[in-house]
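Each chain gets a letter, A, B and C, in the order it is written, and its residues are counted from 1.
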Amino acid sequence: MSVSQTPLLSVENLAFERDDSGLFSAVSWHVVAGDILQIEGANGSGKTTLLRLLTGSLQPSAGTIAYLGQSISACRYNYLTDMLYIGHQPAVKLNLTAEENLRWMVATAAKSNELSLNDALIQVGLAGYTDIPCYALSAGQHRRVALARLLISDARLWYLDEPFAAIDKQGVQFLQSCFQQHVERGGAVVLSTHQDLALSNVRKYNLSACAEQVV
Amino acid sequence: MARKMNSGFVAWLRRDLLLAYRRRGEVASPVLFFMMVSTLIPLGLTPEAARLGEVAAGMIWVMALLATLLSVDGMFASDYQDGSLEQMLITPQLLPLPLLGKITAHWLTTGLPLTLVSPLLGLMMSLPSAGYLPLLCSLALGTACLSLVGAVGAALTVSLRKGGLLLSLLVMPLYMPVIIFGTATVSYAVDGLNWLPPLALLGALLAASVALCPLAAAGALRVTASN
Amino acid sequence: MTWLSNGSPSWQWFHRLGSPRWFYHRSGRWLPWLSLAALLVLLNGLVWGLAFAPEDAKQGNSFRIIYIHVPAAFLAQSGYFIMAIAGAIGLIWKMKISYMVMKSAAPIGAVLTFIALFTGAVWGKPTWGAYWVWDARITSMLILLFLYAGVIALQYAYHSVDAASKASAILALVGTVNIPIINKSVDWWYTLHQPATIKLTSAPSMHMDMFMPLLVMIVGFYLFYAVALILHTRNEILRRERKTSWVRELANAKAGR
């Protein structure tokens, strides 16, 4: 596979302010296929906000986000089909079973592969829990349900907000191997976490350094 | 299994219906509210059949409106809390379509049951017999309008902690035309007039709401859910 | 904004208008003249209407309340559209100033609606024998008051200025689409329930001597509305821009004097 010259995702001079107080500014980086980018920063430095800017659900106050060299608002459909975001909240419905939850998550996404829902749930360690309503599962298991989407999705860009929260050691290891497989297939991962990853090809970006001093 | 690209309408409709099925108790409460409040009217007004029959159509309509208003508040609330709404906002589909799916599910679980029990209430409130079919028809169309317009209000107030009361303030004035045409349909029929014209107006309202409300709700959600 | 900033000079005024600072300074210069004009026209209309216009054959002197009632009702309606248009401009062109105009227009409109309702009630007593009658126009006015109340309530419900502005702009637009529907349906409802026995002197049949002062009053109310809107907006500008250097300089200059 030839690595194309245009980065999968490039962020230039990104700034965000809410009600006239700046959160961060001049954030610039790019991500090519095979990259894992770890966003670091103190609490309140805007890690979640940055990820939500990337998904397009928030609008930056300055700067551009480009997907394959095109502004994400110009190629919204292609970009969103090639993107997977798992936020702070796992978006798991407590009254549905793990499998039902995963089914609608996949049904609303555009790109997915051939893996069956059941296999995905077994791989994330939920064998035997697939048909139990999620209110009977733990917070870590809820997160695993959401993370099972990673196995089914064909999106190249993964945005993960604190993916290791509430997850045990084996889960962390499994997740890291998922990242490794994903980038080997030509994908890219942007994640926010305080934890150090055991992977070798992780780049770090510290958001606190970009905090704008409010006078 | 290859999954084909879809509009999101069916996925969200099915999900919300399944959720409603799992929480049957909650779904029943607007209907119970509808029934209980209607028992208050003879107690507060008069048990006299003739006088009850006169106000029956209007009362049933006001109760249906209030019952819808109670349930519309929750249309996006739990989705907002557990992060599903955030996922909805970043699906590649055009946002109004998944929204229309959710609104349809809301109507199927509140408006439709209300419509179906309304003849029973008509009976209890001595509605003249000519009024039953128009009552059913007008409630079927009208409650769909209420769900659609209510969705806009729910979207505008989703991130507010005490959004419920505010939602009623925002939405109530917009409900006025629905209640006017709804009660008129029934009273036309009771008076022996042709009740199709007001029903047609209600249908026109519904058509306009289907076209515009999901758009407005989508715009509102993009503003409120990200803050 | 991108298509606007492509250097076409005809858009420059639009851009400048979008700057709160420019608006504040420019409106400061207009304001005294506009206020003077509003005052003169209103005084003229009031004296003409209350003292010189002929008495109504049926209603006597009580009809003279239309010189307040009708212009207030007029402005209450157009005020809602002005508010919604300002909101739409904010949503489309992301102009901060238009959100401020929208926020300022809401309470002014609500007060005018209330004045229209109140004077209507006062007028209703001698005319219909009751303070409140479910007349089509009065009912529409009441609903309009509720619509204003919704926009104001939503405006104050959000902590974030940005969310408050956009959410209430959307609500104002939804209301604008609905106002004609509401008015038509209320008219229709009224004709259904009330035989058209009580009808007011409608405008076209009004005598010219009565009508001219009314016209003057309407113009006066428009001018007054503009003055009130500009004053409110200037307030809002100072509040929202209080952290900027130009507002601080302004405050320092005032304090130093």
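By our rule, a residue touches a chain if its C-beta (ideal position, glycine included) is under 8 Å from a C-beta of that chain, and two chains touch if they have at least 3 such contacts.
Computed from a predicted structure; not experimentally measured.
Of all chains shown, the one whose average CA position lies nearest the global CA mean is B. Counted by C-beta pairs in contact, the busier of A-B and A-C is A-B.
Taking the CA centroid of chain A as reference, the farthest chain centroid is that of C. Work out the mean CA point of chain B and of chain C, and you get 32 Å between them. Chain centres here are Cα means. That of chain A falls 36 Å from that of chain B.
Inter-chain centre distance (chain A to chain C, centres taken as mean C-alpha positions): 48 Å. Among the residues of chain C, those touching two or more other chains are numbered 160, 162.
Chain A meets chain B in the complex at residues 52, 55-58, 76-77, 80-81, 83, 85, 87-96, 100, 104-110, 112, 114, 116, 133. Those residues of chain B whose C-beta lies close enough to touch chain A in the complex are 1-3, 5-6, 8, 10-12, 14-15, 18-19, 22-23, 78, 81-84, 86-93, 98, 222, 225-226. Residues 160-162, 240, 243 of chain C are the ones touching chain A in the complex. Against chain B, in their complex, chain C makes its touches with residues 91, 143, 146-147, 149-150, 153-154, 157-158, 160, 162-163, 166-167, 170-171, 173-175, 177-178, 181-182, 184-186, 188-189, 192. Residues of chain B that touch chain C in their complex: 152, 156-157, 159-160, 163, 166, 169-170, 172-174, 176-177, 180-181, 184, 187, 201, 205, 208, 212, 216, 219-220, 223-224, 227.
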